[in-house]
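Accompanying notes for the structure given below.
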Amino acid sequence: MFKKSMWYSIITIALVCFIVLSIGFYQAIMVTSKVSAQPSAKAQVPQVSEDSAKPSSKNATSFKILIMGDSIAKGTGDEKSKGFSSYLSEYFKNNTSKEILVDNVGIDGLGSLGLQEQLDSRRLDKTILDSDMILVSIGGNDLRSILSLNNLTKEDEFKVRLDNYLNNLKQTIKDLRTANPNSIVIFLGLYNPYEKATSVEDTRLLNTWNYDTQQLVEEDGKWIFIPTYDLMKYNLGRYIAKDGLHPNSAGYQALSNRISKSVEAIISNLSTQ
Amino acid sequence: MPQTAVLELTNLKKTIKGKEIVKGVNLTLYPSQIFGFLGPNGAGKTTTIRMIVGLIKPTEGSVTICGYSVAHDFVKALSNVGCIIESPDMYKYLTGMENLLQFAAMNKTVSQQRIKDVVEMVGLQHRVNDKVSTYSLGMRQRLGIAQAILARPKLLILDEPTNGLDPAGMTEFRNLIRKLAYEDGMSVFVSSHLLLEIQQMCDMVSIIKQGRVIKTANVQDILHDDWIEWQLNDPEQAIAILRNHWNIEALQLKKNTIRACLSQHPLDKINDQFIREGLALTYCSAKQNTLEDLFLDLTEGDEIV
Amino acid sequence: MKLFSLIENEVIKMISKKRLMFVLAILVVLISVFAYGQKQTLERTKAQLSQRMGITATDDWRKLADQQLIDMKNRLESPYRDEKDKSSLLVRMEQLQYNLDHNLNPLEQSAAKFSTKFMEQAIFLFLPLLIIMLAADMVSGESSSGTIKLLLVRNVPRWKILLSKYLTLIILEVIVLFFAFVLSVIISGFFFGFGGWFAPIATGFKVLAGKLDTSSVFNVPQWQYSLMVYSLAYFVAVVVGSISFMISILVKSTAASIGIIMSTLVAGNFISFFLTDWKITRYMFMVNLRLTDYLSGSFQPIEGMTMLFSITVLLGWTIASVIISFVYFTKQDILV
């Protein structure tokens, strides 16, 4: 009988599945509720000690570079995983006899507010004080999400973002200067990774952003704004990584080259002091 | 009687939402009896039957089936019962046979052969594999009876069983019930508001009115007994005399009128006693009753259909 | 063994009533629509990617993944990295490595991914709806057709009748889950291929001090993740089933009980939107149905709400519903 056999298959499926599901349910509870080994608590300890244990000697034999800011500062996108940390020291080798030490505190996805928070935490104070040169790359993440908005809200939102960003940056400049009155600070401008899919309007916004940033940054005599826009514009294919956003190895090298050219004189100067 | 009662109701009462619907029913049903439960609509028949089968819990009193209390020994008590409560609602999306298989599965004593026999007994063998939703009312009624008698119960309870049956169907139905009672030894408890039905089918009848049983008697006795009607000045006292001295239950019909069934008791001696006790008799007559007269009198003209 | 026959009776009634078929038909339709939609979205995403980045996601994804892997490795080695990210980084790397090793584009869908995602989406409204359609009818259906009388005048105690109905519901819930899984695998398999069962999926998220904690995240194979999702869905089905079961016993009308429990569920969605500050809302069952979110870490961290909390709340509701059902059913007078 049809219904009878259906009943037998139903009860069999049900029993088997019930057992399987019970096991799954047990696992689900275990996975989400078991007490973790708390790696975070353990790991935090060495990090603090690491900071404080750092030698604070600002001796004459080393040239210290601090790289801070977003993923570009960190070197994301470089298939050789070198980024500014390696390339800058390579280029600077020619200009100074001192040993070049690089600290990279860049964080993926960092915005101007995040950078300010990083400074506010005071954990970097010592590192900043020790550095002879600081490279800052910030703002890309502040600006990026605006470009996908529609044109009506874009303009307003852009102004709000830009104001916030400039305020944060102003504070950052002040804090860096307080922490270390002497170092040179290199500030990287923004480029447009989406050159192919960008409207005139977007280009104008990016230019406004870079222009205002440059104005602010260079109010401080020891800051230098280095544009990247022009370098990348017709070289996206060569300099942009597969993720379509960050520079690739060649891109980082090109940028490092440009930076080193801009500050050559200062570095030689500093080294001979 | 020496036989043990199949069904015994003791002072059964039920109050629903503050309204007393059944006000103390006492009944006893013996094997192979067809027992009629007669009363107008709303008299409490269905409520009483629901209490018998445990669908409703009595407020007071008890139901005993074959010696087992429904309240305390539900499973054993109900093992002896087959029933149709009101309309024979079956699963419309199943076939007649599937319906019967459902109920057979609930009682291990039912064999495949028994199912076949019962289907033939109620005359459904040609349509038993059709969906119940295609059945006529009469066929559903037969299927209802089939499921009720499937497990060979000692007590068959039928609530308004002939509703919607045509005259031929009714006759057939009556014969089936009689066969079940006299050949298979089932006791049958039939509720109805139809006099004729009870009169034709039952051995015993209880008449219920406004939640109270007002008369229980052998149908033949009721029909053939001589009934005496008195008009006198103090009916309460007369009823008391009849009950205490002659063991006769009398009924007060109107203000000064009482009526009683005397059976073998001598009327002259009763009248003598009335007079001795100081009652003033104004009128006394003998009456040959039909059940309908009685019913109409007892229910004071409550509408019956 | 009588209980077994009673359950068989109930299941056969359910099959004959076509309600189970109806539920399965809804599943087929919905899964097909959902799978088709997923395919469209997938193609749109690919088109967008190739437009924005000048690459075609289909052939260049390996290079992208390679590079992401290197970036993450760097991040992991950076002394300034936030320690909390460590496990989520490791998990991401493991997933990418798997994709590379097995030549699996992470953008691509698979039957395994789809069937899991489908249940994650269905768990708080669609699955309960299907279960309600089954559960709400089990007792009230018999009440309104009057057949309940036939059941209760047998030599079977009432609690056994109800238990058989409840167990039948539990069985049918398994069947619904089983078919939801099988159908979504088969249907999405035609769209996306049948593979993907061993890809690693991150889980193990926790809430610490009201914030999502990713420090103990780890990968499990997709099949195990799917199993956990379907198990949680089954638990939700039992909970919703029990509550609708109770309501259908109390209300005695199928339509009314479906209405009541559906509006409660929908109201629950509103509540979790608007009344998150109100502490008592977290003890409502509707707010706790999204159990799979605890697995995927996609939940809104609310202080005090964890997997165990939600399961306890749901279990409380279930037990209360079952107790009320049984007490009420065995005591009630059948007047229909």
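For reference, chains read A, B and C in written order, and residue numbers begin at 1 within each chain.
The working rule: a residue touches a chain if its C-beta (ideal position, glycine included) is under 8 Å from a C-beta of that chain, and two chains touch if they have at least 3 such contacts.
Please read all numbers here as calculations on a predicted model, not as lab measurements.
Looking at which two chains touch through the most C-beta pairs, you get A-C. Ranking every chain by how far its Cα centroid lies from the centroid of chain A, the top place goes to B. The most central chain, judged by the distance from its Cα centroid to the centroid of all protein Cα atoms shown, is C. Here the CA centre of chain A is 38 Å from the CA centre of chain C. A separation of 55 Å divides the Cα centre of chain B from that of chain C.
Here the spacing of chain A and chain B, counted between their Cα centres, is 93 Å. Under the contact definition stated at the top, the residues of chain A that touch 2 or more other chains are 3. Multi-chain contact residues of chain B (touching two or more other chains) are listed as 98. The residues of chain C that reach two or more other chains are 8, 12, 16, listed in rising order.
Across the complex, chain C meets chain A through its residues 7-8, 11-12, 15-16, 49, 51-55, 60, 63-64, 66-68, 70-71, 73-75, 78-84, 86-87, 170-171, 174-175, 177-178, 203-206, 213, 215-216, 220, 224, 227-232, 234-235, 291, 294-295, 306-308, 311.
Contact residues of chain B toward chain C in the complex are 16, 50, 53-57, 74-76, 78-79, 81, 83, 85-87, 89-94, 98, 102-103, 105-108, 147. Of all residues in chain A, those touching chain C in their complex are 3-4, 6-7, 10-11, 13-14, 17-18, 20-25, 27-29, 31-33, 36-40, 43-44, 47, 50, 71, 74-81, 83, 104-108, 194, 196-197, 236-237, 241-244, 248.
Chain C contributes residues 2, 5-6, 8-9, 12-13, 16-18, 145-147, 149-150, 152-157, 331, 333-335 to its touches with chain B in the complex.
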